[in-house]
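Here the chain labels run A, B, C and D in written order, and each chain numbers its own residues starting at 1.
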Amino acid sequence: MHAIGVDIGGTKIAAGVVDEEGRILAQTRVSTEPDDASSIDRAIAEVYAVLSRDHEVGAVGLAAAGFVSPDRTSVLFAPNIAWRDYPIARRVGALLGDDVPIVVENDANAAGWAEFRFGVGREATDMLMLTVGTGLGGAVVVGNELVRGRWGMAAEVGHMRVVPSGHYCGCGHEGCWEQYASGSALVRDARAAAISRPREAAYLLDLAEGVAEAITGPLVTLAAQSGDALSIELLADLGRWIGEGSASVAALLDPELIVVGGGVGAAGDLLLKPAREAYAEALPARGHRPEARIELAALGNEAGIVGAADLARL
Amino acid sequence: MHAIGVDIGGTKIAAGVVDEEGRILAQTRVSTEPDDASSIDRAIAEVYAVLSRDHEVGAVGLAAAGFVSPDRTSVLFAPNIAWRDYPIARRVGALLGDDVPIVVENDANAAGWAEFRFGVGREATDMLMLTVGTGLGGAVVVGNELVRGRWGMAAEVGHMRVVPSGHYCGCGHEGCWEQYASGSALVRDARAAAISRPREAAYLLDLAEGVAEAITGPLVTLAAQSGDALSIELLADLGRWIGEGSASVAALLDPELIVVGGGVGAAGDLLLKPAREAYAEALPARGHRPEARIELAALGNEAGIVGAADLARL
Amino acid sequence: MHAIGVDIGGTKIAAGVVDEEGRILAQTRVSTEPDDASSIDRAIAEVYAVLSRDHEVGAVGLAAAGFVSPDRTSVLFAPNIAWRDYPIARRVGALLGDDVPIVVENDANAAGWAEFRFGVGREATDMLMLTVGTGLGGAVVVGNELVRGRWGMAAEVGHMRVVPSGHYCGCGHEGCWEQYASGSALVRDARAAAISRPREAAYLLDLAEGVAEAITGPLVTLAAQSGDALSIELLADLGRWIGEGSASVAALLDPELIVVGGGVGAAGDLLLKPAREAYAEALPARGHRPEARIELAALGNEAGIVGAADLARL
Amino acid sequence: MHAIGVDIGGTKIAAGVVDEEGRILAQTRVSTEPDDASSIDRAIAEVYAVLSRDHEVGAVGLAAAGFVSPDRTSVLFAPNIAWRDYPIARRVGALLGDDVPIVVENDANAAGWAEFRFGVGREATDMLMLTVGTGLGGAVVVGNELVRGRWGMAAEVGHMRVVPSGHYCGCGHEGCWEQYASGSALVRDARAAAISRPREAAYLLDLAEGVAEAITGPLVTLAAQSGDALSIELLADLGRWIGEGSASVAALLDPELIVVGGGVGAAGDLLLKPAREAYAEALPARGHRPEARIELAALGNEAGIVGAADLARL
């Protein structure tokens, strides 16, 4: 059975027809208005109309950046889109005309599921996905099942606390993992180093034309790839936090695979090697157990579409 | 179907016939020798012979304090019993005579499962069990399934790291949760207070006849129940660590229930109230989600027997 | 001998004639331009001319918010005023006409010295001054001498590290004391609580007319004085960090008095009581030593003038 | 003027005649009984008699491992010797016959003072001494003066807190610097690594003949000098804690020199290089200030004798 997956972003939606092997057969995208929930509904109906014209579609999956109700029909709350207890499946259903099942999933869950089913995790049964972008999101698969939690809020990995009295987080708490293992953390650490370690930061500052505020994550990665010692150290620190936090998750869930996705993954082994070392050092009962692999995500930006479509079929 | 559950301790085994409602219909116990694995096998055969005489038994579940293989037939490693890659199901099976299925489970998993099926968690679908005894053990239930992990090592909650560079742990790492949320932690903190805060510790020291080393967990609980301010504070600190750590687990798994078992539970609300407050304060996305309840375990020492029996039936 | 003390702020200077008992006999103030160092020199000359008309003056002391050279003639660096290796004593001297000695001191040192000589520390020999304002500044007196350090940079108390991997600081480091014990820390914690603990923060948010960003330090103090539980807790946390950090300083310097000044001091015992308790609990070798008192500063905004004048006389 | 310095250990005293250049002209030692304070008094009288026979002696300085009264006549408390408010100067004076001035100093202060006057610090004015042995002791010199504090308890550097909720310390607190920067910390970390990182610890375990408990500080240093990666890392961690803690002290006192003494100093640059790097990284206002040097102590075991003698002369 083919399904349509829709990845709903703040300002555009991307959608595709996905077959049972996770291949995208056709794809389209439309601009939307984040402050107007009904405009998003209409946009989804529009892409459905376009894609279902040439393809027989048995289900529609929506990947939404927000908290999704346990029955997978509504978005309870979204930080960047005007959804508050919004029955999106029903609203979109009313616009489609067809009587096709529609399910909503959290976007990080959808992307993680795609990785599990068709990407680097396709041989695994128990997997942790970490999406290391601006923030730190994730997905958890236990015994071949996506973990949604009792109220659909599972896999908020970025808000596990790793440092008591640690960095402030936008969530109102201190020491959240995403304040140490994310692109934002990398950028802030790099800018801080420009102040506290000006000599070591000279190359990075050069790249940023002397403006600390112009240092970005890709710039740090670029500098590290050119051999800049500070940038290598900054990525290694980030990798270390990824590895150490993953070891805590492994104490709880014993996965066989930890997948690192998101923009920061571009740093490759500069990130992964320190992550693996830190994971191995921090893993409980090491030596008495097999050790999970830590790998880069294999799928790209379409993971949300693919995962949402596949989850809609289940 | 009735099943026999066997809880294998260091120096004795306790076994019972358990019905499908989790009731123990008959019970027995035998002494054993932890350094001699085959004596344990024989003791299990012995209790099986006794219990199966008057009861029709469809399965045998063994609760073992160690790492259990994913296929639930062997103990990979045990800290206190002479099991190293030990095929206990096969060895016991050879002694029984009957062709009854035998499965092994980690003892904390067995106890947590009993609590989930027949105890305080019987209405829940997603649950975290914390056994706060000398150490901190646990069990995790996700979507009505016990989480064993890829290699059977899940739910080692006590070794999630909560403080970087924190207290040394016997596992060779620093800052493990069980160094902050366990009976041992309570005792060490109480003894440390006897040194650093002698005035506040006067009552506790009196109870211990002036010997800091004689302060125990039950003594602290007793003193707290008598209104001793320091002891109340020590239990509240312990509760706070339970609550804060649970909030990190909740970020990952979104359970609806957190069960506190083990000897420290005797402190009741002196422990639970601070745990609940700390949990609520530390929970991510609070206000946008329902909050898990934190409750005391309902079953007593027989939980291991009941859980092992029930898991053997599945 | 009378001396003139000049407190140089970003946008104005305040100056006074100070007698040997620390009394201000005459006082004046002038607006200045922080981006123009020479305008500040001229303003100082101006207030000198005014004040020295009616008073015989033997020395001039300048309190400057910046790093001061060990010979007390120059400002090496100031965060908010255009001084970079600026020989302020010589420049001002050239404008005065009179051949009066001019010395520069760090402004926090000057204020702490005033407190030591004429304020709450006038009976003490060893004192730590903490100025808890937007940031955390201070002064250290050891054996009746102001501690300037080898290069004039001592008493940067706010940048002692109290939490590894802790809050980011503007200085480029993590976990600086001033990120936990300052008015800014209080405000950020209050705003964070408005997000993570909306129920408890209701009263505070009411006072701020519903806008978390409108919560200020004085507002928290006001709410605490009205009995608001969250605000009382926030001030107690701040007090605790003051007390615990002071205990580390006491391990090093064994002062008899710790003086808390700055705007946050307005909270009085709501701040001081938790500070004293935390100090006592955290003090090494407690019970084997006398314990320093923690007291509020006795002098007000003129402390800088008084201290600068007195230090110029020495 | 020549003076006698006496270094009083738990089981023996070492004494010498010291000239004004810090040279030891004659030396002797006697066994003592730590549980009998008067036997120590008599032993001191005995060495005085021996040494003063051939040398004209103007003062006697006693270096004592304990808290010394501010008037330098008594030991208030000692952890390992039977001194409780013990007027040692008066007691010894009564036995000497001669009317020679006797002063007591804390032994770490005495050793630090020797280093300041005649060792690596002889050109300095502001110095921090760190004695990294089993524990972490120290001495502080500010403006050419030894800092004793208001009650003689200054320079308890080892009990500054560097990690909230960190390692337990024998003093009853958590996170004391000496739990991270001492020979004991090194040994515990090495033994922990033998458990949690058995592969990397193989060489170290070999040296210890397979017994983790047989790993010692000198063994780690030896292994590091042979190129063992784990041992190098362990010493670097220790160095890092020395450097980072020193940066906090530097924020407060701005010394020009930090001296590392004690047994761990034998590791030389394996310890000092990471200490210097960590210090530089953690130093506040770096780039706007000169940076203290971190050097090994130049004097050996006689530093206590030399410092006690010199301080008695002042």
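Here, contacts are C-beta pairs under 8 Å (C-beta built on N, C-alpha and C of every residue); 3 or more make two chains touch, one makes a residue touch a chain.
Predicted model, so just to flag it, every value in this text is computed and none were measured.
Relative to the C-alpha centre of chain B, the farthest chain centre belongs to C. Same-residue interface: chain A and chain B share over half of the residue numbers found at their contact.
For this pair, chain B with chain D, the centres built from the Cα atoms lie 46 Å apart.
Chain centres here are Cα averages; for chain A and chain B they lie 34 Å apart. Centre-to-centre separation of chain A and chain D, using mean CA positions: 52 Å. Residues of chain C found to touch two or more other chains are 163-165, 171, 173, 196-197. Touching chain D in their complex are the following residues of chain A: 164-165, 196-199, 281, 286-287.
Note for the complex: chain B touches chain A at residues 67, 76-77, 124-126, 140, 142-143, 145, 147-164, 171, 173, 176, 244, 247-249, 251-256, 282, 284-285, 288-290, 292.
Residues 163, 165-168, 170-174, 180, 188, 192-197 of chain B are the ones that touch chain D when the two sit in their complex.
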